[in-house]
Each structure stands twice: as structure tokens, then as C-alpha cells.
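Please find the structures below.
Below are two complexes that have subunit A in common, paired first with subunit B and then with subunit C.
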Partner chain A sequence: MEQIIVNGLYLGAQYALIALGLTLIFSLMNVLNFAHGQLYVIGGFVTYTVSVKLGMPYIVALISAGVSLAIIGAILEKFLFRPVIRKSVREESTMLLAAGVAFFLDALILLLFGEKQRGIPKIVNGVFNWDFRIIMPYDRILIGCLAVLFIVLFITYMQYSKTGRAMRALAQDKVAAQLMGVNVELYSMIGFALAAMLAGTVGGLLVSITGVNLGMGGPTSIKAFMMVMIGGAGVISGAIAGGFILGMLESIGLTVLSDFGDITYLVIFASLMVFLAIRPQGLMGKPWG
Partner chain B sequence: MRKLTTLAGAATLAAGVAFSAMTAQAANEVLKIGFVGVTSGPAAAWGTSNVRSMQTRAEWINEMGGVKIGNTTYDVEIVTFDDQKDPKRAIAGMEKMAKEGIHYVVGPNVDDGAAAVRPVAEQNDIIYFPYAFPKELYTAPASNAVLGMIANYQSGPAIYKYLRDNKGVKKVAFVAANESDPLSQRDGGVAAAKALGLDVVSSNVTYQVDTTDFTPVLTPVLQKRPDLLVLSGVAPANAPQLIRSARELGYQGLISTETAQDATVLKEGAGDLANGFISVGGASTPEIASEKMKEFVTRYTKMFGEYNDESNTKVYALEYILETMKANPKAIDDVNEFKKTINTLSVPNIYMKGDSKLKYVGNSSFGQKRQIFVPMVVNEYRNGAFETLFIAEVD
Partner chain C sequence: MLTLQAKISALAFALLLIFGVPYLIEISGRWDLYYTLTSVALLSIASAGVWLTFYIGRINIGQGAFALVGGYTSAILVVKYGVSFWLTIPLAGLMCILVAVLVGLPILRLRGVYFAMVTLVMTEVARLTALALPITNGAKGISSIPLPGGVSLFGLTLIPDFAELENVKRGFFYVAVVLMLITFAGMYRLVNSRIGHLCRSLQQNEELASSIGVNIAKLRLIAFSISSFMGGVAGAIFVGISQSIYPASFPVKDSVDFMLNCFLGGLGYVFGPMLGTLVNYFGWDLLFTAGEYQLLIYSSLLIFLMLTLPNGLLSIFSKMKN
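What follows is the complex of A and B.
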């Protein structure tokens, strides 16, 4: 039981960090970013390239991933999403754009980084073993703690910084925020960059444990959407709760249901359908949007 | 001055015409060979090594002046299609090959894709070389598919027997991705293990192909304390993570698979934790590789930046297609002639030392010759490279 909880918490921390970026973009711009998983994958590959190919320390690689993705996010917002949002009132236009960006990034990743699974050497060796009741490699503990630290930093930034307050104002009421002098275009770009940076940072963190490959983008986006749906679209606390709930469900399901084959996600999806039928706005979302 | 210009123009024209005529005379005809397989996603290493092997060999052949089939010399052109491991796309890929008039295709790389393209191949006179294991593709009445590698039901029993006899393995556990290929390989492996008298302690646990954390997946399996953990049909992208998770959970037994793997991927993903991992390897170990094989590896590495160990096997399919056509030039556009020649082909294997031959096999497994002959090399991963554990043959 202890092992299940620890596995769930570890999965939850990384999932929450992935979901945060997705929900930030949704709350600021009403964009469902289907390319979020691809941004995560690029973060992993940048970390791999800087760390393994260029031989730089892991922390430099991780910062490189965050910075690169922030730049990519800002470019995507400024040159793709902003014009489409300005010119089209239909929400599906941005969804189609996001899907197109996902396909484009997949092709770009293949060209730049190749098709192979990549990984970096363990950043910490050794395994914590508490009487075989809890077994957890030290690098997973470190990555889990870092994920929690980044979540706390993100919340603090959003809560207390001027930029964070402006973005929250935008998320609550774009027109009112604009009337109060908030530069919508600037803060939308910062928000997109921040979200992409979060995705890239998770990719950079996890490449040391799970490795990274071209095919990870789509499934990562799907999981991120599930977390956001569970927690409530556009709500930051909801994304965190959704991440931890999904992590815990996955951990429990894989252990308890293992004898029945691979039905964990079948059960999770079925439960999610029932849950959304009862509470379509998710745990912490508002019924009006 | 005008006269001089006219003269120069005429000379240039004449030279141009002469050059065009020479070029036309020197240019070879083009022989298109198709590839339909997975070159993106977690299993991309399988198809990419396939297509890159074909491209490397084609460029090499063209550089040497082309391949002579009958009285005609051809440049080899590889026409590729990424099926993204999706059977529907594999069908579209095979239809594209048919539209281009291609009769010989390498791939698809996985079971469901290979099964899906069968009707298209048979209706359009295409002989295809899948890297997939369903027996019905190779047994009569099917006749257009030729297995391009060793199947798991051929290598699995050999590996388990070796490990039972030499490493004292008694209890086996199987883990597979929740996909048709790995699941069918797992079922084949379970049957083979039971037939050898091994105790199968776990075979139900499966994982989603997009799983990134295998610790929760493996925890219940390893609680059964197997001597051997079989990763059935494991994709190269998943193998290092599964190995790493198993070792980090304290598992000290043996780990094996019947699929080919990539040493670099294992090194990067699992490091020393992958030491001792057993997999089916390429068909040319350092002990048996010829100078041509070494040149192939050099050329491949030069073309694509790094070599993929799987290509030791995948160099063969194109070679078999060309050698069969050379042996019977009518086969170039008549697959029935190709099928006839399958039964008799025996030419030197340029990739192996000694007097090894390229020949078709498969009588024991399929009741007809629908498999290319490559040595069954079983490898053990050790410190970033594969070492040969043992070599066997399939008849």
C-alpha cells in the first residue's frame, strides 16, 4: 500500500506540472493546446542534446530546455495563435491550429533529433528501500521534489508577482483587465511562453528517468487534457488536483487491476465519463466556464 | 564578330547534344523497390533501420554502376512510406506501391500492419518482406509474404532452453505492451516456456504502449520472484525503461526479449543496469561479419551519423530481392517467377565469412520456403555493446 501511494504521488507531481501549462494557456487565451505534449518532448530532447551531446552539466541542460521552450512558446503565440485569435471568432480555428502545430512539431523533432529513444545518465545513483515496503530510486525522489518545488514557485509567481496578477486578471475577465490597463497581447505571450517553459522543464526533468522519444507527445497531451478535465478547465488548483488524482488512480489501478490485463486506463476513462456527466465543469471549475 | 559568336553557339550546341547522347547511353534504368513500415513513434527504430539499410545498400550498388539483371543494368531506387504503425496507413502505403508499379516491398514492421496489407499485396502482385510473425502470412494458401527475420516462436524456445540448461532458470514471468504484436509474442512465449517445463509465474500484466513510468507496472510482476523476466515484443524505446525499473525495484534475475534492440538506446536509457540483458541480435556478429558487412556498417554510419545494430539483420531483405531477380531475370515484373526461384536460390552470402549462402528457408515453421535465411544470433548486452551469447539456425 505504501508503495502505491508513493508511486501515485511521484506520478502526480510530474502530471500536475504538465497540466499546469496546458490550463494556463486555456485560461488566458481559451486555446486548447494540442501541441503541449510536443513541447514537453522538445524539452526532453534539448536537455538530452545539451547534456549528452554537448557534455554540459544537467542543470545547464535543464535551464536550456526551459529557456528554449519559453522562446518557442512566445514565437508560437505571437506569429500563429495571436493572428488567428484576432481574425477568427470561431474557437475551433485555434484548435485546428494547435493540432497543426502538433503535427509540424512532430515532423520537426524527427528531423532535428531523429527517431530513437534518448536518455541521459542517472543524475543520482542509488535506491531508497524501506524494508521492501517502499522502494524508490533517489533520482525519482529528487525529480518528484523538484516537480513539487516548481509547482510551488509557479503558484507563488502567479499569486504575488505583477505579471502573475496581470495574467490572473486576464484569465478572469479579459475586457475588464484591458480597461484596467493590462496589455493583453504582452501578457498572453508571456503566459504562452511560461506554459511552454513548464512543458519543456517537465520534459527536461523526466528525460533523466523515462527518456524521451518522438512518439511521446500525443499521449502526453491526452493525459494533460484528462487532468485538466478532472480538475476543471482553466483553474490552476484544479490542474494540480487533476494531476495528483490521475497519478494516484494510475498507481492504484496498475497494482490492483494487474491480474485483469491492461484495463487501468479503461477504468479511468469510464470513471471520467461518469464523473463529467455528473459534474461537467470538473472538480474546481465554475459551471459557467 | 557575329560569325564568331554563331560558331561558338554551334559548337556549344553540338557539345550539348553529344553530352546528352552520352548521358542517355550511360544512364541505367531504374528499379524501384518499396518500403512500407514504421519510421516515427516509439517503434520508429525498427522501420528506420530498415529503410536506412535499404538506402545505404542502394546507394552503394548505384555507386558501383548498378545491378545487372539479365541484360539490363539498373540503378536501385527506394520508394518509402511511413505507416506510423497504423494498419490503415500500411494499406495506403501498399496501394501507393501498387500504383507506382512496384512488385517488391520490404515491410511492414509489425503484425497487424503486415496482416492488413496481405489482400492489397496479393491483388496487385506484390511480394513483401514483413518483419512480423503471424504464421498465416507465410503458410499456404498465402504465398506473397516472406519473413525478413527470425520469428519469436523460433528464437524464444531456443533462448529459454539455453537459459534453463545454462543459467538454471525455472520460473518465468512475461510482460507485454497492450498491442497485438507484443500480446501474440507473449502468448507464443508462454506456450514455448510451458513446453520446456518452465513455471510461468506471471503472464497477465500488460502496459500501455505510451507508458513512461514502469515502476507500478512491474511491481506486481516482480513480487512473483521470477528467475527470468521476458519483455515480450518490447519496442526499443520501452526496453531501457522496463529494464531500469526492474533493476531499481531490486530484481536481480535475468531479463530477455525476442525482439532486436539498439545498444546505444540501452546504454543511454539504462546504462549499466542493462548489463546481462538478452535479446535477439542482428545476423552479423563481429565473429562472423565479412569485410562487406563492415563496409556496409561504415557506409551506413557515414550516411546517417550513427549505426543501428538492428540493421545487421535488415541489410538482407534488399539483397535477397536483388539476388532472386539476378537468378531469374523474368522475376523483375513477374512475381510467379520470383516465387519459383525462391525454392532454388542459393548464392554466396557476402555479409558473412566462410561459405554461407543466401537461401530461403521456413519449411519447418511454415511448410514452404517463405523466410530468408539469416543466422539466429542471441546477444547479451554488456557495457554499451552486444556480445554474442550463442548462434543457431532456422531451417
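What follows is the complex of A and C.
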């Protein structure tokens, strides 16, 4: 039992970090970013390249993944999403753009990094063992703690910095924020960059444990969508809750349902449908997001 | 009502598809185009369904699920119960309606991204269910499904036995094209009917529509059912052509593609999904020569189209008028 909880917390911390980015973009711009999983994969590959190919220390690789993804995010917002949002009649058009961007990033990953599974050597060796009740490799513990640290940093930043306050105002009411002198364009761009950076950072963290490959983008996006739905779209606390809930469910399901074959995700999906039928806006979302 | 000019052009389009295209294929010898065009016709039927859900203001990324349900219904009926393939097509559609009502009742209340995300998840649910259920044969899928048999009435052969046809591909081409023409004629009729106008009112403002006495829940369910019916029919015929079905036959990528086709053609136009599917499918195929750069060029073109014509390809005409 203890093992299941620890596994769930470890998964949940990473998931929450992915969901945070998705929900941030959604709350700022009403864009459902299909390409979020691809950003995560790129983060992993950048970390791999810098740390294995260039032989830099892991921390440098992780930072470079974050920085390069932030730049990619800013470019995507400024040159693609912003003009389309301005020109299109229906808001949904951004979904086509996001899907196109997802394909584009997939192609880019294929050309730059190839389709092989990539991983980096263990950062820390050894396994934590508490009386055979909790067994956890040290590197997983480290990654889990880093993920929690990043979540805390993100919340602090959103809560207390001037940029964070501006973004929260934007998410609440775009027009009112604009009237108060918030530069909508600038902060949308920063928000997108920040979200991409979060996705890339998770990729960088996980490449040291599970590795990354080209095909991971789509499924990761779907998982991120699920977390956002559980917690409620566009709500930061919801994304964190959703991430931890999904991580926990996955951990419990893999243990409890293992006798029935590979049906964990089927059960999770089905219960999600039932949950949304009862509470369409998720745990903490505003009705009709 | 249709103007005379519109009637003539619709008739000309139908004749061109049924007689002109096969003739052109025969003289050019490009037999593979039969398969390509059949796929385009079937995919555009499924996309038309997605378009209809867009018409009531919902983003549907779950059509792959219905295509899978329809495909499995047809495959199981044909293989395990020996039902005629032609009969399984409407049955597959009805099965999808059943699923659509069951799923639709709770989730059609959702709006915007919530509905989009739930339907996307639904595609995954369909795939996982197909993997887990015993009747669908798990990951092995159902293969070596016999070709559709003939149908005759009073000694008159209505549909020849496909196993004896000299060109099966052409047979399926006719089936798909005729169905596509019926689908889009029906869609056009539907959109310009009372129900169609009511649907448009849903897209614009549900509360207002509800307040003037429109039964929005019923209307949404009807539109969603028709949409899934189309998905099921397309899925069933795909099974007939490929003679096999697997859980991965209609993955999330297909669901996203159905949605893309609608966007590409233009959400404001009934025939948008048809054009969108054609352009999307052929565009991808033509880029095959680009080798490893195929996906890069394809996605760049998609993004470029989005930047220049965010309201779909057909919006170019209204742009020129202005």
C-alpha cells in the first residue's frame, strides 16, 4: 500500500507539471494546445543532446531544455497563434492550428533527433529501501522532488511576481485587464513561453528515467487533457489536483487491476466520463469554462 | 429551394463522379486511384458527421470511435452471424446511434473544450474497449472477412457478388461515391430545413434558443446521432474493403483528421468536409515523393493555410466577392 501511494505521488508530481502548462495556455488564450506533448518530447531530446552528445552536466542540460522550449513557445505564440486568433471567425480555428503545430513539431523531432528511444545515464545511483515496504530508486525520488520544487516555484511566481499577477488578471477578464493597462500581447507571449518551458522541463526530468521517443507526444497530450478535465480547464489548482489524481489512479489501477489485463486506462476513462456527466466543469473549474 | 443552375451543377457533379472518373481512370490506367478515391468518399462521409456536430457548436474529436464501433459491428455480424454485408451497413449505423445516445446524454451538456477533450478521450476508450472485450478478439482483431455477397430481388441482380467481380475496387468505388452523394444531398437538405435553422441557433446562443422554446437537449442528441450514424456507416464499409479490423484501425489520429477535414474545407459550408477530405488526403499522398520531409511540408502547408485562410478553403470565394 505504501508503495502504491509513493508511486502515485511520484507520477502525480510529473503529471501536474505537464498539466500546469496546458491549463495556463488555455486560461490565457482559450487555446487547446494539441502540441503540448510534442513540446515535452522536445524537452527530453534537448536534454539528451546537451548532456550525452555535448557531455555537459545534467543541470545545464535541464536548464537549456527549459530555455530552448521557452523560446519555441514564444515564437509559436507570436507568429502563429496570435495572427490566427485575430483573423478567424470561430474560436475553434486555433485547434486546427494547434494540430498542425503538433504535426510540424513531430516532423521536426523526426528530422533532428530521429525516431530512436533516447535516455541518459542515471543521475544518482542506488535504491531507497524502507523495510521492503517502499522501494524507490534514488533518482526517482530526486526527480519527484525536483518536480514538486518546480510546481512550488511556478505557484510562487504566479502569486507574487508582477508578471504572474498580470497573467492572472488576463485569465480572469481579458477586457478588464486591458483597461487596467495590462499589455495583453506581451503577457500572452510570456504565458505561452512559460507553459512550453514547463512541458520541456518535465521532458528533461523524465528523460533520465524513462527516456523519450518520437511517439510519446500524442499520448502525453491526451493524458494532459484528462488531468485538465479532472481539475477543471484553466484553473491552476485544478491542474495540480488533476495531475496528482491521475497519477494516483494510475498507480492504484496498475496494482489492483493487473489480474484483469491491461484495463487500467479503460477504467480511468470510463470513470472520467461518469464524473464529467455529474460535474461537467471538473473539480474546480468555472461552469462552461 | 435550389435554383435551376444549382440543380444542374449538382447533377453534373454526380454524373462526373459516377461515369467520368471511372472513364478517366480506365484510360489513364491508374487503377490505384480507385482505392484512393473510395477512401476520400468514405472519409468525407465521416467528416460530414463531424461537420454536423460543429454546426450545433460542438467540437467533435470522437468520430474515430464511431467508425470503430461501426466497423466492429459489421465485422462481427458478418463473421459470427453470417449476416449479409449490405445489411450490416445500416445496422452498424444504428449501433452507433445507440452508443451516441448513451454517451451523448451526459456529455452533450459539456461545451467548448470540455466536449472536445471528452470526445478525444472517447476515441481512446473505443480502442481500449476493443482491446479488452472478448468478442472483438483483442489485439488480433478480426481478419479474413469475406467480400460482400450479391443481392438480388425477383431474379434481378441489384448488387453483384463482389467475390466474382473482375474489379472489386471499382465496385467499392461506386458504393462509396453513391453513398457520399446521398449523404451530402441529405446534409444540404437538413441544413436548409427547419431543424437546420434551429441547429444554427444552438451554435450561436443556446440560452436564447432554449428561452424561445427550442428543445435544445433533443436537438443536440439528434444531430449527434446523425453524426455518429455517418461515422458508423463509413467504418462498416472500410471493413468491407480492407476485409479486416483491429483496435488500432481508427486511432486518435483519424479522429483529429476528421476534424481537420472540416476546418480545411470551411466550417461555414456544407460541402466543406468533402473538399477538405479531398485536399487533405491527396495533399498527404502527393507529398509522399518528398520522402522524409513529407510530414514537415504537410504540416507547414497546414499552418500556412491556417494563417492565410483561417475560415477554410471555401472562404476564398466569399473573399473574392468582397
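One rule holds for everything that comes next: the second predicted complex is superposed on the first by the 287 of 289 C-alpha atoms of A that agree within 3 Å, B and C clash if a C-alpha of one lies under 4 Å from a C-alpha of the other, contacts with A are read in each partner's own complex, and residues count from 1 in each chain.
Throughout what follows, a contact is a pair of C-beta atoms (placed from the backbone, for glycine too) under 8 Å apart; a residue touches a chain by one contact, two chains touch by 3 or more.
Treat the numbers as computed from the prediction; the structure is a model and nothing was measured.
Student: Of the two partner chains, subunit B (first) and subunit C (second), which one does A:262 touch, if any: first, second, both, or neither?
Tutor: Once the two structures are laid over each other on A, A:262 reaches both partners.
Student: Please indicate which partner A:272 is in contact with in the superposed arrangement: first for subunit B, second for subunit C, both, or neither.
Tutor: After superposition on chain A, A:272 lies in contact with subunit C alone.
Student: In the overlaid three-chain picture, which partner chain does A:250 touch, first (subunit B) or second (subunit C), both, or neither?
Tutor: first
Student: If you stack the two complexes on chain A, which partner ends up touching A:106: first (subunit B), second (subunit C), both, or neither?
Tutor: both
Student: Thinking of the overlay built on chain A, is A:118 touched by subunit B (first), by subunit C (second), by both, or by neither?
Tutor: A:118 contacts subunit B only, not subunit C.
Student: Looking at the overlay, does A:92 come into contact with subunit B only (first), subunit C only (second), both, or neither?
Tutor: A:92 sits against subunit C, while subunit B stays out of touch.
Student: Determine, under the contact definition given at the top, whether A:229 touches first (subunit B), second (subunit C), both, or neither.
Tutor: A:229 sits against subunit C, while subunit B stays out of touch.
Student: Just subunit B (first), just subunit C (second), both, or neither: which does A:281 touch?
Tutor: second
Student: By the touch definition at the top of the document, which applies to A:190: first (subunit B), second (subunit C), both, or neither?
Tutor: It touches nothing on subunit B or subunit C.
Student: Could you pull out which residues of subunit A sit against subunit B in one structure and against subunit C in the other?
Tutor: In the superposed arrangement, which is not itself an observed complex, subunit A uses residues 106, 110, 218, 261-262, 265 for both subunit B and subunit C.
Student: Touching residues of subunit A toward subunit B in the complex: what are they?
Tutor: Subunit A reaches subunit B through residues 3-4, 7, 10-11, 52, 106, 110, 114-122, 127, 129, 132, 135, 137, 140, 206, 209-211, 213-216, 218-220, 250-251, 254-255, 258-262, 265.
Student: Going by the contact rule at the top, pick out the subunit C residues touching subunit A in the complex.
Tutor: My answer: residues 54, 59, 103, 106-107, 109-114, 116-118, 120-122, 124-125, 128-129, 131-132, 252-253, 256, 259-260, 263-264, 267-268, 292-296, 298-300, 302-303, 306-307, 310-311.
Student: Taking the touch rule as given, give the residues of subunit B at its contact with subunit A in the complex, in rising order.
Tutor: For subunit B paired with subunit A, touching residues are 39-45, 48, 178, 204-208, 210, 212-213, 215-217, 219-221, 236-238, 240-241, 248-250, 262, 264-265, 268-271, 308.
Student: If we count contacts the way the header does, which residues on subunit A are in touch with subunit C in the complex?
Tutor: Its residues touching subunit C are 26, 30, 32, 34, 80, 83-84, 87-90, 92-93, 95-97, 99-101, 103-104, 106-108, 110-111, 218, 222, 225-226, 228-229, 233, 261-263, 265-266, 269-270, 272-274, 276-277, 280-282, 288-289.
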